[in-house]
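This report concerns only the one structure given below.
A, B, C and D label the chains in the order they appear, each numbered from 1.
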Amino acid sequence: MTQRISIDPITRLEGHGKIEIFLDDHGNVANTYFQIPELRGFERFVVGRPIEEMPLITNRICGVCPEAHNMAASKAADAVYKVDPPRTAKLLRELLYSAFYCTDHTTHFYALGGPDFVMGPEAPVAQRNILGVIHKVGLEIGGKVIQMRKYGHTVVEMIGGRKVHPCASIPGGMTKGITEDQRKEIEEMGRWAIEFAQFSLQLFTEIVLGNKSYVDLILGDVYTHRTYYMGTVDENNKVNFYDGKVRVVDPNGKEFIKYAPKDYAEHIAEHVEPWTYLKFPYLKKIGWKGFVDGEDSGVYMATPLSRLNVSDGMATPRAQEEYEKFYATLGGKPVHQRLATHWARLIELLYAAEHWVELVTDPEITSPNVHTKPIEIPTEGIGIVEAPRGTLTHHYWTDERGVVTKANLIVGTTNNYAPIQMSTHKAATSLIKEGKVTEGLLNMVEMAFRAYDPCFGCATHSLPGQMPLEITIHDIDGNPVNVLKQFC
Amino acid sequence: MSDKKQERVGVYVCHCGSNIAGTVDVVDVANWAAEKLRHQGVVIAREYKFMCSSLGQELIEKDIKELGLTRVVVAACSPHLHEKTFRTAAKKAGLNPYLVELASIREQVSWVHTDKAVATEKSKAVVAGAVSRVIENVPLEEIKVPINPNTLVVGGGIAGIQSALEIANAGFHVYLVEREPSIGGHMAQFDKTFPTLDCSACILTPRMVEAGTHPNITLLTWSEVTNVAGYVGNFHVTINKKARFLKEDLCTGCGICQEKCPKKVIDEVYEAGLGYRKAVYTPFAQAVPNFPVMDKENCTYFIKGTCKACEKFCPTGAIDFKQEDQLINIDVGNIILATGYDLFDARRVSNYGYGRLPNVFTSLEFERLSNAAGPTSGNIVLRDGKTTPQRVGIIHCVGSRDKNFNNYCSVICCMQGLKFAHLVHERTGATVYNFYIDMRTAYKAYDEFYQRVLEEGTLFVRGKVAEVTDAARYDREKGKLIIQVEDTLAGKQRRIPVDMVILSSGLQPRHDAKEVGKLFGISCSTDGWFTEKHPKLDPVATMTEGVYIVGCAQGPKDIPSSVAQGAAASARVLDKILQKEVALEPIKATVDQEMCSGCRICNSMCPFNAIAFLEDRMVTEINPALCQGCGTCVAACPAGAISGTGFSDEQIIAQIDGLLWRTLEVEEAVAE
Amino acid sequence: MTTDVKPKFAMYWAASCGGCEIAVLNTHEKILDLDANFDVVFWPVAMDAKYKDVEAMEDGSILLTLFNGGIRNDENEHIAKLLRQKSKILVSFGSCACEGCIPGLANLSPVGEIVHTAFNTITTDNPNEIYPRTTFDVPEGELHIPTLSRILRPLDQVVDVDYYMPGCPPESHQIAAVIDLVIQVIHGEAQLPPKGTVIGVGNSTVCDECPRARNVKMIKAFKRIQDVAPVDPTLCILEQGVPCNGPATRSGCNARCPQAGAQCIGCYGPAEGVMDYGARLITAFSSVLDATTPEEIDRILDGIPDPVGQVYRFNLAGSLMKAAKPAWEQG
Amino acid sequence: MNNDTFEPTIIGFTCNWCSYRAADLAGTARMKYAPNVRLIRMMCSGRLDPTFVLRALSCGADGVMITGCHPGECHYIEQNYKALRRYLLLKRVLKGLGIEPERVKLVWASAAEGARFASETTLFVEEIRKLGPLNWGKADNGPKTIDHVESSMVNRLSSEKEVPA
């Protein structure tokens, strides 16, 4: 039996997203609870604010993906006024969004999820971070990563007015357009982004796919769940981040439902547990069956992997190649192995970069016609985009002055709360035997949820973009026997 | 507050005999301040019978010197009474006067509350507020600006003339501006003046001539002020000198042009519509200056393009049809406004029938009727120009003391009515009725005059006239004007038939008083009279330093009062001139230009044009001499870049905290 | 302050969105300078670390801690106190820590209402009115989650703060400048500013950095951005009727939003020495009204649909009133 | 709290030229009025910075009375209009903060209107007495647990539903 480690009462207060693991009398996992400790209450305090401020206020839900909230809120605001922005405005928004995707996916792969692979899951804690990565892969690559993030944010600033929390998107379109000089600059950066994306995929192939133990890890059962998948697709069922219909496929990859954003409430419901501040969305038509996977459970996942799983391919040539390679390597659709999400993310990175160049070379991109004046009486509107971490839904009701009277937000990570709870539980169960625990093992437990790139800042509209984690292990009497804390 | 150097504060609680001590436990207040406010730097707290007495003041001076006080709070009466007293005392003891605060515990506590406990409690709060405020006070120095010795007097009535002469005689230059062709104002239209009945012209004309010929007076008639810039001691004034269409330097005032002018015009101004003048005219024989003006609207040449009779006959070739208005710029140090009044338009009281019933006259009309130089050469006759009235009714308070028109008393109407009664009686022997609400004969020799008119047999009916009508009910009323009135002494309704009714109309502010006020940066009361700086203690000064108001522009008054005010204002002006420079209250707003973002929010805040935006540096600047210290821009600045001396944010916030005991909580918190 | 061993650096988030971290990462190459000059001991977004390590550190052993996020629950408060204890220099970093930021708007409602709203949205399946509980028994044992405070508080309402760096998030060029300064200080080439200084900002308000032309303002009607967009690119946005918070908002951001054709929403907080940001805006907006009768003034003011949000959007928790009456009373 | 026994604390901001003199006049005439108002003299109602009102309300005042010259009678010509504009927007913000806008009142009183000053003061004190104490922030007794929150909230919603444990 593992010896007891008493916990300093103070650490008890450290509620940063905890995984509570309870062991049975054999020291095996009895149950795990993934808890989210906070709530900022955006749904409450957006009430009373004017609709045009939603893109600015909900920005502050998450500073890692403010662009996603900015876009969802802007689209919802358009809908509230039943106003259709000029084509150029939409192009600009989507261009901004693609550039953001490149930055965000880069950040996650190199700074957050990447270290596990690049450094190896059991590598010393001190090295398991971006600086460690840079030291290992070399400053030259580190420079590239920084360059990619810089370019992405430069575009966001050029179009959106600010690097973080952009401000130029308003009901009916944008406050301003871009000049030809800016367009040229953005195009150059886009072309560089494509190279960078390709380079990253190559790096992934070498470091991860080239390393048998990692491949086994990915393909192994530990990180596998057969759930439903959700993502937004365009009219050709190709992956799209900014617009389209929401498509859900079942664990066998068969289309379960495809709905227009405005109908989201008919298809999604959120389950409540009293031991966490976060809700568990599920497919309404199937219902909440608890933390179980399979066709009979309403649990679904919305991540880069899901988006690939629900789509018939990528809308750009190079990404399409990688898409095919992806499924060829992993044995066809859908892919249930969560760790493959990292790979899927890089494929999306490439698509985003290619799409970036498509958009910026559109002849209408520099048109000054970027705003349509709203004339309809504002009422109610829904806006959906694909946030990097899953389908993001903003829904607002307003009075006749366009002041918000009610709101509903279902954000990226929330979609994945149930799967994350399940994945960590499964990982813990299969990795912790007879109470034997090492930090490496625990990191591998974390890898289970890190694959989702969870953003509980978004999820709870409360916590930071990435989430520190505390793992407490309790014995049969519920006494904590081991506490390990870690930050992703 | 903690990191600030500790001030040494003295608190002095005044008994004011029993005025304060009767309702407030002054001893308790003093002891409380000494103990509870010690942490704030109160080193001494005394109470004394009369702080304002010389002994009381010495007490403070002594403590400043011996205890090294850096701040003083006097809990006594309103600062409006003794702020200066205690500031002076502090100054004597070498403490900057602006480091003294008064806490009003008499007007605002002891005199208005009865419960001693409550009053004492409130006094403590007021003292606590004053103490925390005074700590935030900063030493201030008065601002000195040079005074231009020239003076502008606007309005050539008796008040203006008086002002001009006083200053000119003292040896300083005056610009006297009059909008009519001649100076003289209303007084020049009167026949006799009450109560002495001496001839108005006889006493006024010499003054007019003196003003017209005085070497120190530049007379600008037929002229109006169009712009005023600058501030006390340094006003820049623009005057529009309207074209007279004759060369003043050539005109001898012989009057031939007026004789020869073929165009007769009803004289609405001087003759009150009872007489005629020519298109080229001097308003009256003794006009100053005595050269005429040409009335463009009525001159045949200007209308038809032919005539030029005046030009033909002018012996000196002074006529100049090409003459244009000319703008004159002058610099002056002080300004006196003597813009006078308009007569209440009796037409507005329709039930008195003026304008409808021919034999109802206004007071000004009667003045002309009774004036030997007037249209009837002084014969008091009906509108037909020949019939002498047998019975005359004089109605007082026309348009005055009347909710429907003006609430105020026009002051002069009663005496005017009595004067009319006397003149009618004297010249026609007619029976005269005076209808009055109250008989107001204040001032020297006024009531004697009333007695005299009584003795002459004038009949007095106390009551507000309801109606003047020509609708006869009885034979004796036929062809007469019937005055319907409730005789409040007899307590019955009366109908009194008369041949002539004289309305003793009230006075009202000039129709353009508001615009004139704006031009000179002064305000008007709701009645429309110019607002004085203090209704009792400073009746001729205004809120704008260097601008004074005299005569009826400030409110209805008789000739002696107007003259007195004219002289009073001159004395104030001379005082300033002789000081050579003027000290301005150092309560001013200033802009920290480092912090000013040039947003221009404050630019519309100042009615005194003290705020200027510097385009080149994109910042705002405040002219301390123009700033009146109201603090509106301070409160307006969104960047907190404007601060106001004397009433700074820090001072007011500190006082709020003190009044709400916050300063004590701080102390207790520290103590814990 | 020169030293052989590298001084320790920490960055932490309480109730924030992570934008501050991104802003720091957006200093790009500067991150490497940071790494070169500091021993980064604690920075959740970028690296693994343990609370117990922080607790183990000597008091004041961390030279510089950038603390972002407001204090929303007892756990935030605990970490704030812990880091205060361990840090020599504690910087209140970003709008949330300085003045509550957007999450501070929660102080308009009782915390109970906030929870209730979140767990009764149209998609929430909550027939039994289940709400999170700070302590909850599951078959295997007891679970805990932190306690929400009645109101969200800025950092300096909980612990003593050395410097303030406002902005939502602080502009990267300002962060870079501050990092440079600190590095110079370490090498003894510069002095630290006096305690309590607001750093990484301009000394005026946004208009100071705004290139738009300005005149004396006289506004007959307030307008909403979507009704006037695109605004005249050369003229003051407030003059065009859109309530722009620029005049009252601390400079330092290069007037980003006005330059992007949008009104300033005030994320940099009040100017130097200003006691209440909202009061400055009340006075700014009312000063430009071109009206004298109460009726006319009210008609114009109706053009601002959300007065309290307009003037306290980022600043409510840091304002004089801190929160609305219901939040104090029913919290 | 029984509103009849409650004695409001009120801060009054008075213009030096009119209402402060009106207060003096009320004193000279020995007019009696409610003792709850503590005055602060300013040169003009135009000096009124909303900060002062917020400071007073957040520091224990139950109400704030602002007095200035009648429209058209401002000693600084028109500054009282500026005070009026600020006052009207301030009230809207206070409403947003859940504070009864009636707790802040703008009263015009000329130097001659001592009686008016006295009666308006007493009237306002009664109005505030009816509204009850504000004691701002005093209600805060540190963090509350969600359980409290929940019960308080559930009570407010008068919901019978039991929370299954």
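Everything below uses one rule, namely that a contact is a pair of C-beta atoms (placed from the backbone, for glycine too) under 8 Å apart; a residue touches a chain by one contact, two chains touch by 3 or more.
Keep in mind it's a predicted model, so treat the numbers as computed, not measured.
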item: Chain C and chain B - chains in contact with each; value: D
item: Pair joined by the larger number of C-beta contacts - A-C, C-D; value: A-C
item: Geometric centre distance via CA averages, chain D-chain A, whole Å; value: 50
item: Cα-centroid distance, chain A relative to chain C, in whole angstrom; value: 25
item: Length of the line joining the C-alpha centres of chain C and chain D, rounded to whole Å; value: 30
item: Computed distance of Cα centres, chain D from chain B, in Å; value: 36
item: Chain C residues counted as touching two or more neighbouring chains; value: 73-74, 108, 111, 113, 115, 130-133, 136, 145, 148, 275, 280, 283, 287, 306, 308-309
item: Multi-partner residues of chain A (each touching 2 or more other chains); value: 48, 274
item: Per-residue multi-chain contacts in chain B, two or more chains; value: 605, 635-636, 649, 653
item: Residues of chain C touching chain A in the complex; value: 13, 15-23, 25-26, 28-29, 31-32, 35, 40, 44-52, 55, 69, 72-75, 78-79, 82, 101-103, 105-106, 108-109, 111, 113-115, 117-119, 121-126, 130-133, 136, 138-146, 148, 168-169, 172, 224-227, 229-231, 233, 256-257, 259-262, 265, 267, 305-306, 308-309, 313
item: Parts of chain C lying in touch with chain B, wherever the complex brings them together; value: 203-208, 214-218, 238, 246-248, 251, 270-275, 280-281, 283-284, 287-288
item: Residue numbers on chain B that touch chain C, as the complex places them; value: 594-605, 613, 618, 635-641, 649, 653
item: Chain C-facing residues of chain D, complex; value: 49-51, 54-55, 57-58, 71, 78, 81-82, 84-86, 88-90, 92-93, 95-99, 134, 136-137, 139-140, 142-147, 149-150, 152-154, 156-157, 159, 161-165
item: Residue numbers on chain C that touch chain D, as the complex places them; value: 73-74, 77, 108, 110-113, 115-116, 128-137, 145, 147-151, 275-276, 278-280, 282-283, 285-287, 289, 291-292, 294, 297-298, 301, 304, 306-309, 311-312, 319-322, 324-331
